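You will see two complexes here that share chain A, one where it goes with chain B and one where it goes with chain C.
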Partner chain A sequence: MESWLPIFVVAPLGMAFFNLIITKFVRHVSPYLTLSVVIFLLGLSLFFLGHEPFFYAVGGWQPPLGITLVWDSLSQLLILIVSIITLAVTLFAIPYMQQYTAQNKFYSLYLLMIAGMNGVILTGDFFNLFVFMEIASIASYALVAFGVEAEELEASFKYLILGGVSSTIILLGIALLYAATGTLNMADISATIQQGVSKNVLFFTFALFLMGFGLKSALVPFHAWLPDAHPSAPAPISAMLSGLIIKALGIYSVARIFFIIFGIVPIIKTILMVLGALSMVIGVFLAVGQWDFKRLLAYHSISQMGYVMVGIGLATPLGILGGLFHLLNHAVFKSLLFLCSGAFEYTTGTRQLKQLGGLIRKMPWTGSSCSIAALSISGVPPFNGFWSKFIIIVALFQSQNYLLAIITVFVSFMTLISFVKVQKYSLFGVLPKKLQDIKEVPVLMVSGMVILALLCIGLGVLFPVYGVSILESARNLMLEPARYLQYAMP
Partner chain B sequence: MLIYFLNSILFVLGLYCLIAKKHLVKKIIGMTIMDYAINLFIILLGYKKDGIPPILLPDMDINTFLQQSVDPIPQALVLTSIVIGLSTLALMVAISLRLYEKYKTFDMSEIRRLHG
Partner chain C sequence: MEGMTFIVKTITKLLIGAIFLFAIYITFYGHLTPGGGFAGGIMLACGFILLTLAFGKKMSLGKLSDFWASLIDNLGAITFWSIGMLGYLSGYFFMNFIEKSNPFGLFSSGTILISNIAICLKVGSSIFAVFLALTIFGRFISDLIASEDED
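Take a look at the complex of A and B:
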């Protein structure tokens, strides 16, 4: 059964290739091939859920020489998030992508992105992490430019340059780490560092990784590409980028590398918290003044990633729990908001908030999903966003970071204002004359959004009671990194 | 030591070219130079003066082999990294050509319809 682990990478990677061949003979099947792979992966991740941690040696080469894939509580959480969100996004994409040509190429790139993300989450080898990261990144550069309009190409080029710089810097960090420890296996590196390596090399590597993964997760001094790249992509890809890519390539890698491999160092905690607080405040201030729906959402992604970073950087049990919970919640409601913006664009042809209005009467399903997501992100009880923000704020008070706690409450308030604006201008108010005869979007698009909206409510109402064990086991791993050595090495 | 210093100059040159130049193609060249500097650095990590290829023949003594042979892992890494660099380069060139079709210029300071 352990040998099923590589399927998480192999199935989407293989289908990305075969999809292009099959659609040469049978046209218009690529959406259904993609959907079948995504459903299969969701089933597989549910099948593995709660399994004891183990590693799989690729090609039979035992670590530390060979490449390993590691299943543990942190990767389990991330794989689960990726599988659920991709299912909803794929359902949405099937009708939505009818507007575009070359759909089979879209689905191939989409599958490559999923394969890259799953690889990053599962891998136990530093260079392999880099390779999978590049697979996911290059697919996402191409997908941002998928509409080949002027703005989309411009955004994609910006994203490509900054993403390329971050990948180069991460590769330099990996090379230095190899020079210092003589191995690439994560568990082996962790063991070697505990025996002692030169502090200077180690801190230089820290700086390189912070910069590289900071660029990937769009923390504030490195955020310039995100507000261009995320809104320019087609709506399902915006949902994937904001919901999953910045988490799997950014936050997850930071958590894995700085907490589990290197062990927590006080200075890193401080840096993560300062960057997180900056992202929170600057992101929300830039978001409030936006009138482009998707651009507003993109700025909120920066702000919400700040919450996750503050929670994780706090490194207290409650703080990490809140950070991980917010990561899960943000994946759900931000993907949902991007899908809703896509649905509005699909029916009305615009995403300028000032040209919309009164949509909830014409599009009840989309409108109420959008409303639920907006309430979740602004932290209104009993939706999921409230609980994770609440946990983070309590954790900040417990560790006596009063200033930061007050900033967090304030940012939450600003988020609420911003989403009241969104609701007032898009869902309620007067329906403009030329939008009188719009209709609800197709059933598959609605079903994708309703799944996520139900998750928003479900995570808020039921999760505090039933689902905490998944988050708690991930948190325990981050607090006691020594456990990683026990199961990731023979 | 000197060679590492020269290598880091190559890296900084690439970074400078990427940041300071406005021409799209020059930015791409800067990016590529940066990439090559890293690849060279990884190769240098495994380099030994008068080293032998890392292939163990039957008539060799294992200890002298370990002292003399170069490290094979960096070479394998660099091969992968070159392939990744190539695909990024191809995508960059393709996008810059499309950008030229839309904007009729390669000057990045004139390609700014996105703002805010």
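Take a look at the complex of A and C:
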């Protein structure tokens, strides 16, 4: 069973190229090929759920020389999130992408993105991390520009330049780390650092990684690309970028590298919390004034990533638990909100909130899903967003960060204001005259949104009772990084 | 007349065989000497680009059309992926499953030689396809200039 681990990367990677060959001869099969791969990956991740941690040596070369893929409680959580969200997004994409040409290329890039993300999550080797990160990023640069309008090309170019800068900085960090420790295997690097490495080199790599992964996860001084790139992409890709890419490439890599490989040090905790608090406040203030629905959601992504960073940066058991729970919840409700914005755009042709109104009467399924997601993100009980924000705020009070706790409550309040505005202008109010004869979106699009809406309710109501064990095992790994050495090396 | 002057065409005719041969040599001996699939593929693509520059697009598209460039591109990737999968079937993903013989021979490295050939096909055809994609804009611009001249 352990030998099935590389399939998470191999299946989407192979299908990405296979799909392009097949569609040269048989047209219109790529959505179904993609859907089959995504369902297979979800089955595989459920099959692996709860498996003991282990490593897989690629090519039969044992670590520390060879490349490893590592399955543990943190990667298990992320793989599960990726598998569930991609299923919902793929179901949504099948009718939505009919508006575009060159669909086979879309699905190939989409599969490459999934392969890259799964690779980043599973890898146990620093250079491999960089390679998979580039696969996912380059696929997403192309996907942001998929509409080839002037605005989309500009956003993609900006994203490409800043993403390229961050990748170069991360590569420089990896090179310095390799020079200092003489190995690329993550577990081996962790063991070498414990034996003692020059502090100056180590802190310089910390700075490089903070900047590189900060750019990937759009923390505030590095956030300039996100409000352009995320709204410009087609709606399913916006959902993937905001729901998964910034988490897998950004937050997950920070958690893996700073907590598990290096072992957390106080200065990094402080920096992460300050950056998180800045993102939270600035993101939400920029979001409140927006009238473009997708742009508003993109600014909220920055703000919500701040919550996750504050929770993780606190590095207390409750704080990390809250951060990881919010990561899971944000993936669910932000993908759902982006899918809803796509559904509104699909029927009405606009995403300006001022031109919408009263949509819940014409589109009951989309409208109620959107309403559930908006209530979740603004932290209304009993939806999932409430619990994770509540845990983070309690953790902040427990560790006597009163100022930060008050800021967090205030940002939550601002989020509520912003989403009350969204609901008032899009779902309720008066239906404009020219939108009188719109209809509900196709069944597959509805099913993708309803899956995520049910998850929002389910995670809120049932998760505190049943699902906590997955989060707790991931949290325990981040608190006791020494355990990583026990199973990631022979 | 399409393409460049008589001198360029003659030199290209003389050199093109040598360029392709050197590309193939670099690819096949990648595991023994500096080079490999990527370097060989770039040389292959450069050969095609030289043909395009010297003789015009029609001639080089006759040798390798955009359909075939993109097909070979995908086939190269699929071949590389299949080598990994064949290794997977015999134990580990990307396992070197072919028997290795005496060092410094052409067939001494197991799957590395096949991988290099797959990478050469992938890189060569995709770089040429990128070049073709860039020349599409060239056609737009020359159409624009022509229409402006008519006005």
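Criterion: the second predicted complex is superposed on the first by the 490 of 490 C-alpha atoms of A that agree within 3 Å, B and C clash if a C-alpha of one lies under 4 Å from a C-alpha of the other, contacts with A are read in each partner's own complex, and residues count from 1 in each chain.
Please note the rule applied: a residue touches a chain if its C-beta (ideal position, glycine included) is under 8 Å from a C-beta of that chain, and two chains touch if they have at least 3 such contacts.
Just so it is clear, the structure is predicted and the values come from calculations on it, not from any experiment.
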| item | value |
| --- | --- |
| First (chain B), second (chain C), both or neither touched by A:24 | second |
| First (chain B), second (chain C), both or neither touched by A:4 | neither |
| Broader residue contact with chain A after superposition on the shared chain, chain B or chain C | B |
| Chain B versus chain C as contact partner of A:142, first or second or both or neither | first |
| Touched partner set for A:60, first chain B, second chain C, both or neither | second |
| Chain B versus chain C as contact partner of A:203, first or second or both or neither | neither |
| Chain B versus chain C as contact partner of A:155, first or second or both or neither | first |
| Partner chain(s) touched by A:13 [first = chain B, second = chain C, both, neither] | second |
| Residues of chain A at both interfaces, chain B in one complex, chain C in the other | none |
| Residues of chain A that touch chain B when the two form their complex | 127, 130-131, 134, 138, 141-142, 145, 148-151, 153-158, 160-161, 164-165, 167-168, 171-172, 175, 178-179, 184, 227-228, 232, 290, 292, 295 |
| Contacting residues of chain A [partner chain C, same complex] | 3, 6, 10, 13-14, 17-18, 20-21, 24, 56-60 |
| Residue ranges of chain B in contact with chain A within the complex | 11, 15, 18, 24, 27, 31, 34-35, 38, 41-42, 45, 73-74, 77, 80-81, 84, 87-88, 91-92, 95-96, 98-99, 102-103, 111-114, 116 |
| Residues of chain C touching chain A in the complex | 67, 70-71, 74-75, 77-78, 81, 84-85, 87-88, 91-96 |
